[in-house]
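Input: structures, listed below.
There are two complexes below, and they share subunit A, which is joined by subunit B in the first and by subunit C in the second.
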Partner chain A sequence: MLAVATPGELPPYAGAYQPQTKDERGLWMQSDEEERIVRDSAFVIRDAALNAYLRDVLCRAVGTARCEGVRIHIVRDAAFNANMSPNGFMRVFTGALLRIRDEAELASMLGHEFAHFELRHTLVGFKQERHAHNLAIWAGLLGGGSAIGVQLALIGSTYEFSRAQETEADMLSSRFLEVAGFDRQCAADLWQRIADETDETARGRRQRSQRYDPVGFLATHPTNLTRMRYLAAAAADQPSGRRTGQEAYRAAMKPWRALLLADQLKRNDFAGTEYLLGQLAQDGWTEELLFARGELYRLRRHPRDLVAAARFYTDAIALDPKHAESQRGLGLALLRSGEVERGRLALRRYLELVPAASDAPMLATLLS
Partner chain B sequence: MTRSFPRIRTLALPLLLASATAAIAGNTLIVPGQPVAVAKSTLTVVPSREWNKLGARPGRNTESWTLDGAPLNEVTFYGGIENDRTLFREVSKKEKPLPRFAATMLLTDIPALVESSYRIALDTPLMRIAAAEPAELAGNKAIRFRYVFTLPEEEVERQGEAVATIVDGRLYMLSFEAPTIHFYDRDLPSFRALVATARLQ
Partner chain C sequence: MKTLLAALAACLIALVHAAPAAAQEKSAVRPGFVLKPGSANILLLRPKISVGAQSTAGAFEPNADWTDQARENLGRALDAAQTKLGNRVVAAGDPVGPAARTLAEYQALFETVAGTVIEYQFFPGNRLPTKKRAGTFDWTLGPGVAALAAESGCEFALFVITEDQYGSTGRKVLQIFAALARVPISSGVHKGYAGLIDLRTGDLVWLNVDQQMGGDVRDAEGAAKRIGQLLEDFPGRPPAVAAPEPKR
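Presenting the complex of A and B:
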C-alpha cells in the first residue's frame, strides 16, 4: 500500500482530499456527524494551550501540508487510546497523555493515527466488512453444517486485514518520525510499557497475561510483542542523538498532571497504577507522584498499605510542606492506623492550608 | 489505538445495572403515609407523597424510586451493604471490577467509594464530590455529600445528594439524583423529607 519513496523522504501527499465514491461519502457523512457530537461534548478538554501543543507536535511530525487536514479533540478518558475518523477528526484520550513520556512518543502516536487517515483505512475496512457480511448471508442461506465455519473464516479475514492496516500505519508513522528528526526507538518503548502495564493489571486481578499469545484469531491489533519487535527493528539503524523533546512535553503536561493522575487512581486498578507510577517516577519521585502513590495505597486499605501510604505522604510533604492534599491523606491514613494524635495534627494542617475545603465540615468532626 | 466503534449505553443507574434476568417485576406505586421497608432490609421510610418503585434493582441490597422516571429524579436506597460487597451489581467483574465496601471504613471514605464506583460502572470521568458534611441518619452519625456527574453520550449534567451511615459494619445510604436543570432543585425537598423519616428497625 505504501507508495515507494527513497529513504529520508515521505511518500507523496495528495493534499485536501474529498470523498470520491458512494461508500466514502457515506462514511464521511457519519464521521462529520460524530465529530459534531464530540466537538460539543462535556468530555472534551478545550484548553487552548494544550490543544495548540498537540497540534504543533502533529504538524512537526507529519509536516504542515499534511496536518492541515486534521482536527484533534482531546477526550477525558483514563484509558490509553487514540483514534482516527476517515474525515480527518482525531480523538486523543487523556490516559494516553498521562502515559506518554516525551514528544517523540506523542509524535509516534499522532503519526500512527494520521497514517490511518492518509492510507484511508476506514474505507478499506468498511468495504471488506461489507463484502464479508454479504458472503456470510449467502453462506447462511445455503445452510448446511459448514455455514458457521464459513462465517468464522470471513470474520477472521476482516480482522486479519485490520492487523495488516495497523502494521502499515506503524511503519508510515516510523517514516514520519525519521523525516521529522524524532527518536524512532520511542514507539517500541511506549508499546513495551503499555504491554507491561496491561500485564500488571491482569496479574493484580489474578488473570492471565495475554502478551505471549500467538496471534489471536479475533485480535484486531498485532500482538504487542510482535509490534515491539518490528518497531524496534525499524528504529535500529537510526543515527544517535535524535530528538525526544522530554522537557517540552513535561512542561506542556504540568498543569494537567494532577487531574490525569486523579482519574487514573479512581479506576480501581492497584497493580497497573503502581506500575505506571513507577514508570512516571523514573527520573525521581515528585510530590505529585508520591501523593498519588499514597492515595493508591490508602484506598486499598490493607493495614500494611496504611503504613506505606503514611510514608509516601510524609515524603511528599518533605518535598513540599504546603502540599495540602498530602496532609489530608496522611491524617486519614494515620487515624485509620490508630495513630490518633498525629493524624489529627495532619488534618489540622490540611484545614489551615485549605480552610474552605469542600469536605472541611466533615473532617472537622474527626478532630474532636 | 483502535478506530472507534459505537458503544451502546443506557441512561439511568437502575436500568444500566439491572441484569436482563433479574426480576423485572414491573414498577409499583408507593402510597403515602405508611412506613415502607426498603431494599430488602430493616430500613424503613414514611413517604409523604406518592412514589414509583422501580422493578429493576441496581444490586442485591438496593432499591430505586422515582417521581417522573429514573432519568429525571431517582432515589436509591442501599439497605445494609455488607463487608467486601460492591455498592451495586458489577457490569463486568473481569474487565471493570468495582471497589468494595469495607466494614472498617470511616464515614469520610464513603464519598470516594461512591465516586469510584460511579466512574467505573457508568464509564465516566465526569463525576466529582462537591461537598461533604456531618449529618444524621435514623439516629446514627452520618455523612451527607453532594456530587455532580455526566453520563457519556448523553451530556446532561446531574447532581446528587446522599446520606450514609455505617451500623454494625453495614452501609446504609439514601441517594437522590436529578438533572441540574429544573429537576434537582424542585425535587430535593421530597428526598430530604424521606431521609428525615428513615428508621432502622
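Presenting the complex of A and C:
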C-alpha cells in the first residue's frame, strides 16, 4: 500500500520502471502483444485533440512523473468501462466519456486505472489466483467429499481479493484527487448516476433492481452502492471550492457527442438511454440531445412513440433548421404514422441539405 | 464413492482451466491448387508465438524469455525450411498509419477464418454437414488482401500461430497423484497452425492444424522439428523421403 507522505504530497515515483520477476516480465510481454493489436484496431479513436486532452487530465490528476509511463487508447465501445494493463497500456471506453460530466469525474476514473498500474494489481492478483487454484486442485484430489467446501472458499478468495484491489484503487485515486485539487465528491456522484442508470435499464427490461443486493460470489468489483458510499465518506472532510472543470470537459467532448449518442442508441436500452439523455440535458436540451431522443422513440416504433419522436425532431429543427438528420428522422416518423404529405416534405428538405447522403436513393423511392 | 467425488471435484477445477482434449492433426489444400516448388515469393506475417508454463491447476503462466527464444528459433527454422523448398520468404515489416490498420484487420480475419475451419470443418464435434463432404475446402479472405503485398511483390502470405504451455513440476506431480486416483489430467499444451493465402485472389489455399505438436521451441533443434510439423503437407513440398516423424 502506498505510504502516506506529508499531506498535499504523494510519495516520489521511481519512473521508467522495467519488470523484474519472471511472472512480471511474462505479463508485460502478454500486455505488449495485446497493445500491438489494439493500437492498430479500427475501434480506436486517434483524434489528436481528444487524446491530448485525456492525457492532460491524467497528468494533472496523478502528476507528470507518474503519467509518463502510461499510454491511453480511446476505444469506441458504448459501455461504461476502462481498463489498465500491467505495462502501462490503458483503455478508456467512449461509453465512459459519454457518462462523465466533468474533469473531476474523469480524473477519478483515470486515477483509479493508474492506481491499478502503480500498485501492480495484475501481477499480485495473478499470483494470488495461481496459488489459490493450485491449492484448490490439490484439495479436490486429496480431500475427497469434503473438498468442495475448501475449493469454494479458495475460488471465492480470488474474487474477494479482486474486490479488495478495486477498493484499494478507489482509495488511491481519491488520494490523487486530493493532492491534485479536484473535487472528490464527484467520484461518488458518478457512481450514483451509474447506479441510477442501471436501475432504469432493469426497470425498462422488467427486471428486478439489484441496487441493494449484496455483493455476488463471482463479483470482481464491489457493488456500485458500496463504492458510492466509501468514496463519499472519503470526500466528506474536504475543503470547499475544489475544482470540477465542467466547462473544460464539456468543450472537449462537444465534437464527439453526436457519435457517442449514436453508439448509445444502438444498445437497445430504452429506459437507460432515456435516463442518460435526461441527465445530459440538465443544462438544457440541445438539438443533438433532442435528435437522439427522437431517434430513441422512433426506433422503438410504437404508434405513440412515433408521435413523440416527431415532436422531438421538430424541437431540434426549431433550434437548428440546418440539422439535416432531424429532418430525416422527422420524415420517416411522420411517414410511418401515416402523415404522408408532411413526411415527404421533411424528407425533401433532408435531401436538399444532404444531396449526397448514403441513403438518398432509398429515400427518393419513398417520395415518389 | 469418495474416489468418485474426488474425481468430480478435480474435474471441476480442471475445467476452470480446461485444455482441449482433441489429439489430432489435419491439413487441407484448396482443390485444384498447385504450387511448383521454388516458384513462390511468400510474405511472412509476424508469427503469433506464445510460450509459457502451465500451473498446477492448469492456468497459463506467460514467460517472456521462452517466447523470445522461440521467436528467434522459429524464425530461423522457417527461413531454412522455405529455402529448402526453393521459395523466397519476405518478413512483413511494421507498417505505419492506415497500412498498419489494414494489416491488423487481415491478421484478425485470418485467425477468425482459421478458427472457423478448425471448429466447423477439421475436427469431429461441431462439423457442418456441408463441410464434411470430401474434397471441400473453399475459404477466402476476400480480394482486398492484395493491399498487403502491394509493395513487396509477393504472391502468397504465410501465417504461423503456435501456443506452448509447458507443464510445471507441480502439474506433473499432480498428474502422477491423479493417475493413482484414476483421474485423467493432461500436462502441457502444444498447439499450432499455419496457413497460406493466395494474395491475388484472397483464397486460403492451405491450412495445417496440429493440436499436439512436437519439438521444444525453446531450442533450435526443437524449433526445426516444430516448423517441419507446421509445414507438413505444404503445397509444393516434394514427396516425403524420410519416414513420418513420431508425434510426442
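Criterion: the second predicted complex is superposed on the first by the 364 of 368 C-alpha atoms of A that agree within 3 Å, B and C clash if a C-alpha of one lies under 4 Å from a C-alpha of the other, contacts with A are read in each partner's own complex, and residues count from 1 in each chain.
One rule holds for everything that comes next: a contact is a pair of C-beta atoms (placed from the backbone, for glycine too) under 8 Å apart; a residue touches a chain by one contact, two chains touch by 3 or more.
On a predicted model such as this, the values are computed, not experimentally measured, just so you know.
When the two complexes are overlaid on subunit A, subunit B and subunit C occupy overlapping space and clash. With both structures placed on the common chain, the touch criterion links A:A356 to neither subunit B nor subunit C. Judged by the touch definition given at the top, the superposed model places A:A14 against neither subunit B nor subunit C. By the touch criterion defined above, A:A49 lies against neither subunit B nor subunit C after alignment on the C-alpha atoms of chain A. With both structures placed on the common chain, the touch criterion links A:R301 to subunit B but leaves subunit C unconnected.
More residues of subunit A are touched by B (comparison of subunit B with subunit C). Legend: residue contacts after superposition of the two complexes on their common chain; A:S85 is shown touching subunit B, with no touch to subunit C. When the two complexes are overlaid on their common chain A, residue A:S41 makes contact with subunit B and with subunit C alike. In the superposition on chain A, A:M109 contacts subunit B only, with no contact to subunit C. Once the two complexes are overlaid on the shared chain, A:M29 sits against subunit C while remaining clear of subunit B.
Of the residues of subunit A, those at positions 37, 40-42 touch subunit B in one of the two structures and subunit C in the other.
Within the complex, the subunit A residues that touch subunit B are 34, 37, 40-43, 76-78, 81-85, 91, 94, 109, 112-113, 116, 121-122, 125, 166, 205, 207, 220-221, 263, 266-268, 299, 301, 332, 335-336, 358-359, 361-363, 365-366.
In the complex of the two chains, the subunit B residues touching subunit A come out as 1-4, 94, 97-99, 102, 104-109, 111-112, 115-116, 119-120, 124-126, 129-134, 143, 145, 150, 152-153, 155, 157.
Partner subunit A is touched in their complex by these residues of subunit C: 1-3, 5-6, 9-10, 12-14, 16-17, 50, 52, 55-59, 61-65, 67, 100-101, 103-105, 108, 170, 174, 177-178, 181, 183.
Note for the complex: subunit A touches subunit C at residues 22-23, 25-30, 33, 37, 39-42, 129-130, 133-134, 136-145, 147-148, 151, 155.
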